[in-house]
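Each structure below is given as structure tokens.
Presented sequentially are two complexes of chain A, the first with chain B as partner and the second with chain C.
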Partner chain A sequence: MRQSFIARNPSILVFLLCLAVFTLAVTLMSHAMGAGLISTSFVKTLGKTLCLCLVAIAMDLVWGYCGILSLGHFAFFGLGGYMIGMWLMYARTEIIVAESLANAAIPPTPQEVVDAIGSQIFGVVGSSDFPPIWHFAHSLPAQLALVVLVPGLLALVFGWLAFRSRVTGVYLSILTQAMTLALSLYLFQNESGLRGNNGLSGLQNLPGVSASQDWVSLWFLWGSALALGLGYVLCAWVVSGKFGSVIRGIRDDEARVRFLGYSVEGYKLFIFTFTAIIAAVAGALYYPQAGIINPGEIAPIASIYLAVWVAIGGRGRLYGAVIGAALVSLVSTWFTGGMVPSLPLGFYTVDWVDWWLVLLGLSFVLVTLFAPKGIGGLVDLVGARVIPDRHGADYGPDKGSLREEEGRK
Partner chain B sequence: MSALLEVSGISVTFDGYKAIRNLSFEIGERELRAIIGPNGAGKTTFMDIVTGKTKPDEGKVLWGEMSRNLLKMRESKIAQAGLGRKFQRPTVFEDQSVFDNLLMALKNPRGAFACLFYRPSRADRARVGELAEEVGLQEHLGRTSGELSHGQKQWLEIGMLLAQEPRLMLVDEPAAGMTLAEREHTTDLLVNLAKTRAVVVVEHDMEFVRRLNCRVTVLHEGSVLAEGSLDHVTRDPRVIEVYLGR
Partner chain C sequence: MLNRLLPAVAMALCLLAPANRGAAQETIQPLLQEQSELLLESSRRTIQPAIDAIAASGLPQVPAVLETWAARDMWQRVEDGAFFRAERNEDRSYTLHDFDTGESFGPYDKDALEQLKPNSGIQALIGAALVRFQLSDPDPATRAGALDNIDRNGEASHLEPLAASIEGEDDPVLRARKERLLTLLTIRFSTDKAERVAAIESVAGSLDVAVRATLNPLVATTLAAGTELPEGRNIARELRPGSEALPRLQAYELLVSEGLAPKLVTSAALRAMLAEHIEGGAVAGVPLERLSAPAARREAFAGLVEAGLVEPAATEEDIDASLAAHVFYQTYAEPDAGVTAAAEEALSSIDLKVGVNQFLDLGLDALSLGSIYFLAAIGLAITFGVMGVINMAHGEFIMMGAYTGYVLQQVIPDYTVSILLAIPLAFAVTFAAGVAMERLVIRWLYSRPLETLLATFGVSIALQQLAKNIFGTQARPLTAPDWLNGSWVVNDIVGISYIRIAIFVLALIFLGLFLFMMKKTRLGLETRAVTQNPKMAASMGINPDRVNMLTFGLGSGIAGIAGVAIGLYAQVTSEIGQQYIVQSFMTVVVGGVGNIWGTLLGATMIGFLQKGIEWFNPSNTLAAQTYMIVFIIIFIQFRPRGIIALKGRAAGD
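== the complex of A and B ==
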């Protein structure tokens, strides 16, 4: 009856193996290793895709397992990116300023250095003073802590208010959309202190690192793969066992779980905050690879995409979320990158850059209608073919065949 | 005998309709009680109030030796205090196994962190096995509960209720949709259970109530019409008029 955690969840091992093979293959084919089969920009795209897979797992946990259709998890993803971006931008500007001031006749005072950094960063929004939220920007450990703390606290407060008032279903979804929209609109303002619509840029340049982008892109790929692997195992552990039973119970029948004596609000709050933190970590790994973050990234549509990925991949199973996010975001890159030849119909030419969204929307509708289990549901079909479920029945049709109890001996 | 649950003078109005008016009710430790009444008499609303789902406009609901006020508690706290409820329609978690369903209901710490680090002990596994045997599902522990028949789901839900080890069980129409043999089995089980805890059964079926052989409370239009043995209440002319006479 008792089995180890991995033995009960063989999909974890398969997933980790696939991830390792993928990472190794990309590494060997990259420019940094001299093979040059994959361009550095594509290595970055793949690294970013891994981060999107991680946030999709978080979405699957909150929606597929706990039944909370949050349409605001990209806000946490973006916030994580902003938090790490602040340090990257500050530290890099500090080095540039230090270099240019080194030739000055009189050595600069620390205050002069800070002012120079300020005018470099905030010149674009017509300011030169550091807003209070940049207080810790000089310190990497502090900003790394903020990657977890800021989105975590936002999710905790938002979730506490929403769940305590028993807001559920579509109303909660609308509320989360409102949250991400409000945050996005706030960040668009120059007064928000995060450079308004310019966002934070130059994040691909790691301060104090002289290695080429060929190598940096690989490091981030490894980091993203590691985070995805750890996140997958952690989430699989959370949803296994009794906690997983309870949150799936909440998804299926909230009131019943309450009458069993479980505090549904507490569980929802835990899952909401936990997944917000995972999303933030994914964002903190994503944006240094993207190089730039601006408030447009956390527009409401981004969070809706996230739900679409998970729905197409198959909710309620972690690998489904990974498949959905990887497939849809890579195909999306392919279509919107103008790499797909247009389709001339004679009277009209289908240009895929414009028509991709229609295609995506259509596939979302089709998956929801005809394959509610998503792409991940295909695994069930294969599994059903390999191991026929004959529990409780005889092994064969003829009378002489063994019964299950005999066969097990 | 001091009361385990004491409901006094509660009233509820839904959109101007008085579902419960000045209802008082008392049940002692280890008592079996049947509640009957026509549709709309307020039976389910009464259960909703006691389990914390609905808040009454006025009145008191007191629980246990300490006379704790249940109206101030959340549903989950009320359940933890020892009030179990079985719904009319069997509500089990259909995509989870019978074992998981029972394990979830088992009396253990209910906090999120406690559950996260919880791994079933040998004693807990044994207890789940016992419960499954008690409700006749020991062969089906590994099955997904959605595959079970209607009657088996009812049993599973009763098993889950037992796993909670409640001091008071509220059972809503336990015999609905059951075959005659299953009904008899259910009656025996309820009578047995009432030896160790209080059981309140809400039922339409007069034959079933007769077999329970217990005190009966007749509800009508949100308040108690009559109370006593089944023979006593069925002789009451008002009961005959509103319920039996139809």
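== the complex of A and C ==
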């Protein structure tokens, strides 16, 4: 008998429950509610972490389930941030310009308003004209559509080119990394029309909103939690049925799936584009909380870190990605923020701001070597999972396929 | 006939000249007395006639007098006003020397004398006058100094002495310099048109920067407008308003600035004018709130014009009419059309040659960039290309090599010795690091290339941070020895620094080394066997563990040596490896995995491509890198296995 979707995936309920409790707890302890147990900046950090969890889920879907180690998903994340950032910056500058022009003797023409906004925004790169890519910046619905369309189209075109010529495994990883590098180098130029290395700033101020940052941070936390919950359910649904079986099959033995008559390229392209869109949505929620976006955020190393989170949390299980992203990014903030006391060794004092990356790098090597299941693997100690028995053989010969010790209890 | 006559006539003139002036003019002192007033006034504005008079006297004492004067050694004796060269004695008194007889007087007390103190402006004028004497000075250094002087601030008066001095010049280098300078001075100052044109034609195709600097002012044009083309001006070309060279509005602005047409009212000026005439919430009857529309603003302005409050502005028809009524032309500053035509022709031939040479220079640059990429990638060609291991810490091995060189330079101050020692030491250090990493990490992940990528990335960030903790974030210099400084210069445009040549040679050496190792040594044979089929190789008695360890160590060691070379060329920071890692992987992938010739081709292609794109947009290297990567991504579409793809069993799957 066919069980219901939820019944087959009890982890969804557990996850949603945890998310709801977490959100409620943060809300109650926040400044906006009067309790003031958690500072507003920490609420923002937690909201940002939720966004990072969402992009980690996307990464898990494309890598852990489909076997494509993409080193470009943080580029889609950044693109989403840029798209929403353009509207935020335009709309906010428009308000400022309107205020300053309101005192003029002669009311301004629409062209004069646009020119003034242009010189405000592009003054830092020595220009005052709006580049063509800002054509829709005045309209929120258009930019929201672009959040999905631009990264989605980029992923579609890139994925189509790459999968069509059957670039797989590490070559695909290097190619996606090259794409990320090209994008970030392009954005670093002033001619790109997105303010070069200055990036877009002041994104934390929502135009037309007079509420304090205490409330704004809370709204974004709710929004991020909602997006994470929806994204989790959606991804779980995608990987649960026959479709999920096919993409896991592609991970473990691509050639065999192809010979069974499935269009491997089509499945891969769908997953690649779908996860790029999720990443972009996460980015669009992340950067208004961060307040600033610049091309450095898109650098290839960010995408590798994303893979690191997923690997530490545990590939091939969605909650693993969430655990990895939340844990590593929060611990990272904790260590690099100088909140960890230094470790005196007598002859040398270990200052964790300097040594944290060394620790992270080494712990990452250790996790890869000794705990291929990641932190999420701990869950298997509690709950039972039906594991296929391969009698000592790996699940498939392909580069991304699971090894037996990763699948077994 | 004439040739033989001229020297004779010149000689006769020389003999006659002093006789003409008479016995009274044999000495220079009277002349100095004549100019005494100007000399003492010592003002840059009035001194020129005095200098000219002294220089034109033709007396043999003139150079000595001018040099003494410029060196501030010329003093006047107060009692009779005579000028002498003064020499300071130990007891602060002065001994005077007569310019004409060399006779000495004195010692004199300082109070009895008056020093001439020419300022730097006057000294420059004296220097210019001296040049003609120095040009024939017996000392080559003085002649060279005079030529330097002409080079810096040549003037028309130099032309004649310079031409005269060439005949007697026996130093071939100085003679060539003199001839070159004479040509340039002729182009600039000669009054004889035929001579100038001939001189201009003789420099056509020269790559000398000074030639271009001389010719460019000749063809410099200024844009002007008038009702008709002026007579007697050297007009370069007539321009049509609205063409690409002269946009319509720019043409009209020119007319405005020359007072030939009424002003245009810009939108900002219109706004200001309207703001001045606000009356009771309206401008000329148009209410203020409507003025946010451009049409309403024009209406209000028309109203103001009608009321006579403001000047009327030019309309579109006015602009067209004034443009049609005037001609626009560019005139040369140089009045002679023949000279400018010759100069234009010479410049275009120079431009062509400059273009060809720039292309050559770019080719050299591209080759050197390609060899840097090759050097950075050759280690990867072994670890990634042959063994199939993705080593993200490869860049950090390059960094370790560079820091090894830096540390060695701190210990051994002699740069030559330290660089020569740094190469084997860097190899040893990174070889050891590579072997350690292979033993501890990579060995467990041979069947899992994606996880190798992540594990080595962990090592990479740890090593990078470690380097930052030890050496700090600021760039450390790796100084090249003196014999590597400087560059090989072909001409003014084509040139390449010795360091780049050294890197190129190093890349070639490593190519040879790699080929030798892979094809001729036992280790190479075993490596190829193990990478093709480890189980079969093991059953043939090869120890795959040992071979993998050594091969990986070798690849890492070469990365260390590449680090020393790259460190010489770029600053050593903890991020030096990061800059090359993606490009190195691209090089290997584009070239074709598992084939060193492919890596070579890939590096060359990427180098040429990047420089080629930079050529179109030289100011923007970021754009060049962006487009290059996009090109590579598209290239992979057509040759997914690289330029040289392995076939058959060697390809593995």
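Some notes on this structure:
Keep in mind that, in the parts below, the second predicted complex is superposed on the first by the 383 of 409 C-alpha atoms of A that agree within 3 Å, B and C clash if a C-alpha of one lies under 4 Å from a C-alpha of the other, contacts with A are read in each partner's own complex, and residues count from 1 in each chain.
Following the convention adopted for this analysis, contacts are C-beta pairs under 8 Å (C-beta built on N, C-alpha and C of every residue); 3 or more make two chains touch, one makes a residue touch a chain.
Note that the structure is a prediction, hence the values are computed from the model and not measured.
In the superposition on chain A, A:M33 makes contact with neither chain B nor chain C.
Within the superposed three-chain model, A:R248 lies in touch with chain B and out of touch with chain C [touch as defined at top]. When the two complexes are superposed, the chain touching more residues of chain A, out of chain B and chain C, is C. Contact with neither chain B nor chain C is seen for A:I292 once the two complexes are overlaid on the shared chain. Of the two partner chains placed around the shared chain by superposition, chain B is the only one that A:G266 touches, whereas chain C remains out of contact. When both complexes are overlaid on chain A, the residue A:V379 reaches neither chain B nor chain C. The contact surfaces that chain B and chain C form on chain A in the two complexes do not overlap at any residue. For chain B in complex with chain A, the residues that touch the partner chain are 51, 53, 74-77, 79-80, 84-85, 87, 91, 93-96, 100, 103-105, 110-112, 115-116, 118-120, 125, 139, 142-143, 160, 164. Those residues of chain C lying in contact with chain A across their complex are 267, 271, 274-275, 278, 283, 288-289, 291-294, 297, 390, 392, 441, 444-445, 447-451, 453-455, 457-466, 468-469, 578, 582, 585-586, 589, 620, 622-623, 625-626, 629-630, 632-634, 636-638, 640. Interface residues of chain A, counted against chain B in their complex, comprise 1, 238, 241-243, 245-246, 248-249, 252-253, 255-256, 258-264, 266-267, 270, 391-392. For chain A in complex with chain C, the residues that touch the partner chain are 69, 104-112, 158, 161-162, 164-167, 169-171, 173-175, 177-179, 181-182, 185-186, 188-189, 191, 300-301, 304, 307-308, 311, 354-358, 360-365, 368-369, 372, 394, 399-400, 403.
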